[in-house]
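Got a structure here, written out as structure tokens. Questions coming.
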Amino acid sequence: MEKTKLNRRKDRIFEIIFEADTYYGKLFDILLLVVIMISVGLVMLESVPMINAKHHKLLVILEWIVTAIFTVEYGFRLYCVRKPWRYFFSFYGIIDLLSILPTYLGIIYPQTKYLSSIRILRLFRIFRIFGLTQFNRGGYTMLIALRKSRAKIVVFLAFVILIVVVIGSIMYVVEGKHPESGFTSIPISIYWAIVTLTTVGYGDIAPVTSVGKFLASVVMIIGYGVIAVPTGIVSAEAMSANLGESKRTTQVCQNCHDQNHEEAANYCKTCGNPLK
Amino acid sequence: MEKTKLNRRKDRIFEIIFEADTYYGKLFDILLLVVIMISVGLVMLESVPMINAKHHKLLVILEWIVTAIFTVEYGFRLYCVRKPWRYFFSFYGIIDLLSILPTYLGIIYPQTKYLSSIRILRLFRIFRIFGLTQFNRGGYTMLIALRKSRAKIVVFLAFVILIVVVIGSIMYVVEGKHPESGFTSIPISIYWAIVTLTTVGYGDIAPVTSVGKFLASVVMIIGYGVIAVPTGIVSAEAMSANLGESKRTTQVCQNCHDQNHEEAANYCKTCGNPLK
Amino acid sequence: MEKTKLNRRKDRIFEIIFEADTYYGKLFDILLLVVIMISVGLVMLESVPMINAKHHKLLVILEWIVTAIFTVEYGFRLYCVRKPWRYFFSFYGIIDLLSILPTYLGIIYPQTKYLSSIRILRLFRIFRIFGLTQFNRGGYTMLIALRKSRAKIVVFLAFVILIVVVIGSIMYVVEGKHPESGFTSIPISIYWAIVTLTTVGYGDIAPVTSVGKFLASVVMIIGYGVIAVPTGIVSAEAMSANLGESKRTTQVCQNCHDQNHEEAANYCKTCGNPLK
Amino acid sequence: MEKTKLNRRKDRIFEIIFEADTYYGKLFDILLLVVIMISVGLVMLESVPMINAKHHKLLVILEWIVTAIFTVEYGFRLYCVRKPWRYFFSFYGIIDLLSILPTYLGIIYPQTKYLSSIRILRLFRIFRIFGLTQFNRGGYTMLIALRKSRAKIVVFLAFVILIVVVIGSIMYVVEGKHPESGFTSIPISIYWAIVTLTTVGYGDIAPVTSVGKFLASVVMIIGYGVIAVPTGIVSAEAMSANLGESKRTTQVCQNCHDQNHEEAANYCKTCGNPLK
């Protein structure tokens, strides 16, 4: 009897914290989102030297209050779920933990407390709360396109990693004798190769010799062609997802069993029989 | 009777200012376009220190003349439309107002007057005036592709914003101790993350530590894959728009006059009549 | 009689210079390509201070010899074509003229002679000479895709131009007071907007204020989405061109008049009648 | 008899070194992969001045041990294959040779030894060893898409090369008089054109004159449109490859067992038999 009462209390807490259907559930979630955004703002402000110098104390106090709230909330979450370990190792469970850990770690290693802005990832819940189905579906289609492209993207990235190691080594041999170029070691040269191939191009490291510039030109033109590959892959998959999803119905003509009719079609396009 | 006369005058002004079918209407619009282009040129010239030093007076006078013209024109527009408020809050109404406001505000805050080059947006009218239907249609197809991609693009941008906050914070923790790297606060680090992920790469902020460079490489390679996503989305939508446009026959059903049949269709998809 | 003889001589010269079917015609074209490549190499070498200092005289003499050859060739071309003016104003006619003009202009304005490397465009003839049909077709499909995208690309570029003027002006107002940022005038700010929106990002001009950096971030994220648009357009058209071109035959079924069969099909996919 | 024995021994070595089906074959391959990764790590570490200063001797000794292993392995490979020359000139044969050469060449030209990180390319074997069929297929589809796009990509690159030479020359004429801009010769200007057109944008070379900046803006906006072309090509081909793969039914003709019919097909396209 006692246990049922406890369970009922647990369920009520669960409903408020995890669900967003009831009035209190929604209120809780909205309050949480606001606190998350304020908290991330606080972390950012604290990192700005000028602001921190003026309001250091206030920011630290507020930061600790927020962390306290999040810690209590985390405790309640662990308390009210049926299978605490499953929540603990779930995507949101890990993020919820990572949202409070940095502040505590900040006592020992002061710098780490800035990592607490990771808690912005908790905002992902926003989609679930407000039932933004249209956006959910958009995100879902993209996810499918990405998942289907996974094998190709892994192959592509593996290829890119091999290629930048080779390019980086060659550039180091060519440019390494000129310290003003910035190619001071192979890892740095590989970093340059990545910066160049991805067309980011900071310019802190740039070839100074003629041979180096020629090789860099070749790398850039290759990169020009190569950047087309992941785009092509994702485009093709997104296209397929689009085709498969929105343009056709799965309706089958009862007369000729022709499938794949347009959504707006009333009659079978092959035999002229009415579609229902 | 008086009112009808007034209305008739209003209508004539309306025809000249808003329409481009009559001789005077077209003349007015062309003159307006010329004045807009001259005026934007003036604002630009005024901002160039060397030119402003020489011709300051001339430029200021011309600028005020143009603004006077635009103000009078804006008054007439408000006067001759049937529903002034609807025009006032319309796309062109806001742009027309923003085209004259900065010059007046420039009396109080001198710098703001340069915002008057916003009046270049008035050139959008060019498409309507010259009836560039081919370009209109091109723009329209693009707009449809973009509108259909909207949900996906919003999800994508939300994802990008969350990711740059996390990346920026981590990089601040890693690079923040090295002021020469430029990672002086989390907002600046987020700015760097955006500059890097979009492959702009100014180079004013760049990691100097090994760990920072390694993390930056990971960010860039992720960005490499991520940049493919919006392109893929828009490509897929543009493709669908194209398909919907060009892969159809111009065949008209003789029974129900429905157009836009698929090439492979034998029967009208709307009324079931055979297509020939 | 005299005239016919003259015409026959003209025709023989025409065959050698313009055509690539005969032995001498092909030989002439190959020699020409070699001379063009050597000549472009010469111009480049002359521009390198170190090499020019050593071999100035030799390079100038060789340059003049090449220009003399090209001038004589240009004269012959004008002489042997039936309609000299049509050649004069044709694509190759203009390039051929631009290939010799800079050297002569170099007598008056020394710097302009370096423009003679424009003669590299004469290499476009390479495709015609060697009958690289596969590449010709590849180029042709791309040209069709680009031509079909023309209206959309013009609209897109017009939109980009309007947007960079507005962004440039706003950034000038925000950053103009900080000369170290490099935003010294609206045209320079527009230049920055283009450098940023196209993700080139030199870094010679970069915002220094917080507001400026925030606006720049917005511009970059917009650019991130916007860069997808031309790619999407061209992808879609290239896709359509691919579909329309290589996958289907124009064969019509003699029984049911169904078109659009696959290249490998032996029987009509709709009625089962043999295809011939 | 002796020969058969020798052949049998050769075959056993072949099975271990080249195949990955047997226990020892797999073990050998995994050991090899580990040694390759360690070895590439060594080369990288040696290139870092700080680490090399401390552990120079150790790194050199380990490097020589690894090279000795690879040399012996290369000898065994040459010994056990039936047609040594075919292996010698094969893709992997060349990479295996290039993996050991730089260390030996490093005795004469010390810098070249860093090229030995090319041995990372040996990791390509990873796909064969672990039978990562999913990734193999992904890579294969990409390869087909790239191969089909080959002609178009060659045309595109040829076009890019011609265009950067012309742009580079014009920019040299415009900016060459301003040594602070960095346009010190035509080859350097061409390098700048490539850096700009590919949107890498280091910023070590950047126009300083108004005309130069205007021309650079034009180049960038052109590049903006041009970058869409290879992406469009690859997208279209990837799409076609996808379509060819997934938009077919798995239906098999009961008469001729032909597969891969279109979804809309009623009759077998090869033998004309009705499909059900």
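Letters A, B, C and D mark the chains in the order given here, with residues in each chain numbered from 1 onward.
Everything that follows uses one rule, which is that a contact is a pair of C-beta atoms (placed from the backbone, for glycine too) under 8 Å apart; a residue touches a chain by one contact, two chains touch by 3 or more.
Everything numeric here is computed off the predicted structure, so don't read it as measured data.
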{"item": "Matching chain pair for A-B (criterion: over half of the contact pairs shared, by residue number), options B-C, A-C or B-D", "value": "B-C"}
{"item": "Winner on C-beta contact pairs when B-D is weighed against A-D", "value": "A-D"}
{"item": "Same vs different contact residues, chain C with chain D, by half of numbers used", "value": "different"}
{"item": "Whole-Å gap separating chain A and chain D, where each centre is the average of the chain's CA atoms", "value": "29"}
{"item": "Distance between chain centroids, defined by C-alpha means - chain B, chain D (Å)", "value": "41"}
{"item": "Multi-chain contact residues (two or more partners), chain D", "value": "187, 190, 199-203, 227, 231-233, 235-237, 239, 264, 266"}
{"item": "Chain B-touching residues of chain D, taken from the complex the two chains share", "value": "199-203, 231-232, 235, 239, 264"}
{"item": "Of all residues in chain D, those that touch chain A in their complex", "value": "40, 43-44, 47-49, 111-112, 114-115, 117-118, 120-121, 123-124, 134-135, 137-139, 141-142, 145-146, 153, 157, 160, 187-188, 190-191, 194-195, 197-204, 227, 230-231, 233-239, 241-243, 246, 263-264, 266"}
{"item": "Residue ranges of chain B in contact with chain A within the complex", "value": "151-152, 154-156, 159, 162, 165-166, 168-170, 172-173, 176-177, 184-187, 190, 196, 199-203, 206, 210, 213-214, 216-217, 220-221, 223-225, 227-229, 231-233, 235-237, 239-240, 261-262, 264-274"}
